[in-house]
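Pasting in a structure now, in structure tokens, and then I'll have a few things to ask.
Think of it as A, B, C and D in the order they're written, each chain with its own count starting at 1.
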Amino acid sequence: MFSRTQSRTSRGVAVGAAVVSLSLTVSACSVANSDSAGTTAGGDVVRIVLPQEPPTLEPCDANLTSTGVVVRSNITEPLVERDPTSGELEPLLATEWEQTEPDTWTFTLREGVTFSDGTPFDAEAAAHSIDRAVNGTFGCNVEGYVFGDTELEVDAVDATHLTVTTPEPDPILPLRLSFIEIVPASASGTEKVREPVGTGPYKIEEWQAGTKLTLAANESYWGDAPAFPTAEYQWREEGTVRAAMITNGEADVATGLAPEDGLGDAGVDYPNNETTAVRATGTYAPLDDIRVRHAINYAIDRGSIVDSLFDGYAEVASQLVPDGVVGHNPDLEPWPYDPEKARSLIAEAEADGVPTDTEIRLISRTGLFPKVEETVEVVQKALEDVGLNVSIEMLDTAGSVQYQSRPYPEDTGPYLMLVQHGNQAGDAAFSVDQYMLSDGAQSTFGTDEFDAQIEAAGKEQDEGRQQAYADVFADEPDTIGQFAYIAHMTGILGLSEQVSYEPNSATGDEMRLAEMTPAG
Amino acid sequence: MSDSPLLEVRGLTKVFPVRHGGRRKELRALDGIDLDLRRGETLGLVGESGCGKSTLARTLMMLERADAGQIRFDGVDPLALRGADLLSFRRRVQMVFQDPFASLNSRMTAGEIVSEPWRTHRSMYRTSRDRAARVAELLELVGLRRGDAGKYPQEFSGGQRQRLGIARALALDPDVIICDEPVSALDLSVQAQVLNLLNELQQQLGVAYLFISHDLSVVRHVADRVVVMYLGRIVEEGGTEPTFERPLHPYSGALLSAAPSLDHSRRREQIILSGEIPSPLSPPSGCRFRTRCWRATDECATSVPPVAVDAADGSHTAECFHPLQAEDQRLAVSAS
Amino acid sequence: MLTFLRKRATTSLLPLVAVLLGVFLLARMTGDPAALYLPENATEAQKETFRTANGLDLPVWQQLLDYLGGVVRLDFGTSLRTGEPAAEMALRAFPATLQLALTTMVLAVVISIVIGSYAAYRPNSLADRLASFMSMTAASVPDFWLAITGVWIFAVMLGVLPTSGVDASMLSWVLPIATLLFRPAGVLTQVVRGAMVSALSAPYVRLARSKGADSRRVVTDHALRNAAAPALTVAGDLAVGLVNGAVVVESIFGWPGIGKLMIDSILQRDFAVLQAAVLLTAVTIFVLNVVIDLCYALLDARVRDKALV
Amino acid sequence: MWRMLWRDKPATVAALVLTLLVLVAVFGPMLIGDEANAQDLTRASRAPLEVDGWLYVLGTDQLGRSVLARLVVAARTTLSVAVPAVLISLVVGSLIGMWAGYHRGWRETVAMRVADVILSFPSLLMAVVVLYVFSPSARNIVLVLALTRIPIYLRTARAESAELASRLFVDAARTFGAKSSAIILRHVFPIVLPTLLTVATLEFCFVMLAESSLSFLGIGIQPPDVSWGLMVSQGRTYLQTAWWLSFFPGLAIVVATVSATVLAAWARLATDPGQRWRLTLPRRQRRRAVPAPMEEVR
């Protein structure tokens, strides 16, 4: 019936199809110019999918999760490293270290190590790495994280010996230095490098910005060659998509998953050293009243949050650091859930003239951890139920950072922050100094006595250190009460059948490819 | 009734800036128009399409801004008026448009269309009852039924729509109605009805018409006096009969000879104009018509033609060096 | 034609500068990047060093002048996040989005013309009603929901498509394009249908039909050409709107395009990259608008020619 | 009018759905608003009909709240964002557009260039930037969405009113001495309105989706308030384990937009005297009648 015009229509479609295929061809050239060899599951490639692309692989920013997870112990290595399970320091590029003076540590370096570009590793390279990270002017992230304002004096005594001198005696200097990744002496001392050279088991093969990062085994690696000659990193924001990539056989390892991402047996959970807590600001009423802060603690039903919201993939928290960190106090009990008590505390405060009906902002960061939105909603509702006036504000990283750390913005009014703190170093000092000193970067509370107690704890070693910090954690709730701890978190890793890997508490920050082996 | 004209136009000029081949040029649509319209009379304006007839109408209605020249309406210059005075001038001069389809808003009922002017001239019929009564009156006046007020334009025939347009023009009780080709879009039979209506209204209401048309027979039928326009200028002017009987300007003669005649007994002998109409962007020097005129001489190109006067009628004049003589006139008129 | 282009280019220059100004000032109101790029306990001195190094300590107008000076020399600044030239990052990400958007728009136009004109050819028939309903539904589904549902159904349950990513196989294009396609195809189908219905009832088309012209030919020759103008306007707006969809689709499917780049640079307060990306998008949108205007002119001429015949 | 509506069954259904929606949005929260925020983690993420009681026919969400109650409360938030956003941009954009198109000249040039500027910011991106600068409150979301969509109406209104300004009936009105504002109101606005309303219904959909996308990016409606867009966004991660969390709010968006579109298409015909007759025909005749409208049979 319409035969005559049929050809017209189909020609139109054909033209359309031609345009489509043309643009597809163009794209195949420019977007996906890599061969697809890496995407087939073979025995020699491990494919990892992360929540986000590392902005840079600069080793001195390696304490940023998205950078560190790729760089640390894969591309570059530190002098010493902390065993995430035992908490002990293990030799890596340094074979021995000792406190030769009260304020000086001497490191003996491993011999026969070369960087992946062929230059040998020596004390000069180590000194340059430390110096550039700690004393550099280009804003190394690791500097602030582990050293604060401390200036270090670093000397290469000879090719294999290195001394580091601190202004004050520092009993945990080797632990701090475990965060500094060693780069060659040729690495720029004035600006960050995007693709670093290191001594690790892998080196950067190709970084297709936005798409894929490929690492290849470093042939000149001083240790045992890793099981997978090649590692590929990709990144997807949505947890469901990362999980689906495992199910669909497109990836072997996926990080940052949540229970509802539907991974089933392919999901492996591990305690990830992160603790979620609500932190109060002390500068504004009614949060400047300890009864109100204690009421907040009574109001939150941590058990339900852990059981229902986190599907049991977490542990109710009673303090800022989990078991396994030096200073963790095993005797502390979590706050009981007692809304009645909370209400009466608030009534009490109100009777004393505390403006308990002032609006309190509950601030957190989107994507801080899976289900952060839900957690915030539960906390908000719990606080409303005991008679506080709480509003929710979910901010992006840049927005929340300004409320999180000093200098705080002015005229904020009272606010609570739902924070997640990860103690990567395994020592309470890294948590307490920031969160509990009255001038700590993320603290608004404190007393002189409590500051003194914390500082004294920091000078202790071994058993005494453990006990001193345990006391700090035990005393904080009654004397200060800045926090309402919620849970020690559990990470979920997706693992395909091709790869076997045992995640540990450091996996989120430092995922060692060398520990991955082809399955069975 | 005083002798002074109701509407006096002197030297009216309208220039449109245009872009031609990338260069800015001037299109002189009206070039020094002189015109008088007396109370209660019908002045016919004839000319080919594109000669500036519609521009003249639009300029007189102040839809376009005049670039030079004066208009006097009842002794006042409407171009200098502002506010309420301008509004009252607007009230006295109204317009009937060529296209009865496009000039009526198809989303308004006949009643709304006819009463629309009062929404601007709020003082005229203050209550809705007054307005409804007046709308009914006007509809009947133009030969529609009062019940038609609720209908939409598309429910009317073309002739009826033009009646509606006339009713709208009458709503403000004007002294002058400018009719821009009011019947050219209508069927012949309907044309006559509308023309008769216009005539009746003039007799009843004493309104003056400036009647613009390219159709000579129509003009001859309605007009008391005629002006002939060519390329933005008025080339001939006079009473209807003298002008049609004894055209002075060769152009008028050509027009008349070209007009279709119902009387087939007469010998048809047309004066065929040679050449294209010159572009108004670069009108010929001297006499504008010379490029197509069979009587043109060298002097036509060098200077502006003088006014030639009809020997039999002093008010019948044309701008020409070589006005038609009796012989030529007969030729032209016999054709019509 | 050339004068038209030249005129458009000159009149577009000012809006482009306005866009640049707007994004420059807005970006600087989103906060100080120093807090983001420096460790949590960085001292004020360190932050000052950072700001000085990146020119953030200067008054805004001076930053703006410096920036504009750079733009004139085609220097669009450096990314705070990666240290790469911002223009390079924007240009690298741009083709991916362009291909995605182009393919989507071509498909959307083809689909909407086929379905829309078929529906308009038999108004109020079952097929018409079904097409209208489906297109309305398609236009009102949130894209991220579509994307994730698509991944779940086609990658996880059926296993016929890859979940995400860009590889050499065409299959990885299917889900992102399908996700982006729903809204423009749905909206455009409705527009084409509406315009075709009125074009088909226009006098000259009915005349052609009554003269016994092949009905399909009437549809293609007359009605479609008249329906093209409104469809073109909407298609232009939809194409511009695809950048919005791209933000969502690119982040879900890990597509290295400019939408994702823009949203990342906002989140990271990476002003130079944001500015470069927005400027590039704005230029593209201007070009697109010019092309649409040219199409109008072309259509106009052809419609006029037709009318004269 | 009512009879005309009644004749067109899809439009009748659409009108009923929208009426119901408005009623739910206005009165619903008073009736079951409290339930929307009643958390109970012990009954979290239950499938529809799994928990007894009519409140739970659509299941519970990840915090044990009734999905039905949340849908009802979200209806109010969604409408109170989408409707003002659409109205503001409709009014502002149309006014400027008609004004610019009627007067032409520099007014038109300036208006169009401003529209170009707004349009060449990707609107979602502009919303993101603005909402980071100013907090993502419902009012700011409305303002941002309204601002970014103004050019759509502006361009439509300008194009049509420029065309209308050269029409004879506009000239006629000018000969009465009618003011330009009055002419725009009387002759331009009623003719442009149906087109603008059609655009507005499409935009209604767009605004709801944009609000949803903002929630996806974390800067939409902030909990404990809830909108459909937020519900879809929050529910997306539970697609495999609790499909009902994102399905029902998504369905609500679709139903609302489809109804609005159907009703707008009807209203477009109903307000046009030249087309209105079509609605008075029974359906079967109408189908035949469309290609041969009566208006041409003069």
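Rule of thumb we're sticking to: a contact is a pair of C-beta atoms (placed from the backbone, for glycine too) under 8 Å apart; a residue touches a chain by one contact, two chains touch by 3 or more.
Predicted model only: the values in this text are computed from it and were never measured.
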With respect to inter-chain C-beta contacts, which pair, B-D or C-D, contains the greater number? C-D
Chain with the smallest distance from its CA centroid to the overall CA centroid? C
Cα centroid separation, chain B vs chain D, in Å, comes to 50
Chain C to chain D: how many Å between their CA centres? 21
In whole angstrom, how far does the Cα centroid of chain A sit from the Cα centroid of chain D? 43
Touching two or more other chains in chain A are residues 238, 240, 262, 396, 399
Counting only residues that touch at least 2 other chains, which ones in chain C make the list? 30-31, 148, 152, 156
Using the touch definition from the top, which residues of chain B touch two or more other chains? none
How do the chains pair up in terms of touching? List each pair. A-C, A-D, B-D, C-D
Within the complex, which stretch of chain D touches chain C? 10, 109, 113-114, 116-117, 119-125, 128-130, 132-133, 152, 155-156, 159, 198, 202, 205-206, 208-210, 212-213, 216-217, 229, 232-233, 236, 239-240, 246, 250, 253-254, 256-258, 261-262, 265, 283, 286-287, 290-293, 296
In the complex, chain D residues that touch chain B: 167-169, 171-179, 182, 186-187, 190-191, 272-274, 295, 298
Chain C to chain D touching residues, read off their complex: 11-12, 14-16, 18-19, 22-23, 26-27, 29-31, 122-125, 129, 133, 136-137, 139-145, 148-149, 152, 156, 183, 187, 190, 194, 197, 200-201, 203, 206, 209, 233, 237, 240-241, 243-244, 247-248, 259, 262-263, 266, 278, 281-282, 285-286, 289
Within their complex, chain B touches chain D through residues 58, 61, 63, 86-87, 90-91, 93-95, 97-99, 102-107, 116-117, 119-121, 152, 154, 157-158, 165, 168, 172
Under the definition above, what is the set of chain C residues touching chain A in their complex? 30-33, 35-44, 46, 49-50, 53, 81-84, 89, 92-93, 95-96, 99-100, 102-103, 106-107, 109-110, 113-114, 148, 151-152, 155-156, 159, 162-170, 172-173, 214, 216-217, 219-220, 251-254, 256-257, 260-261, 267-269
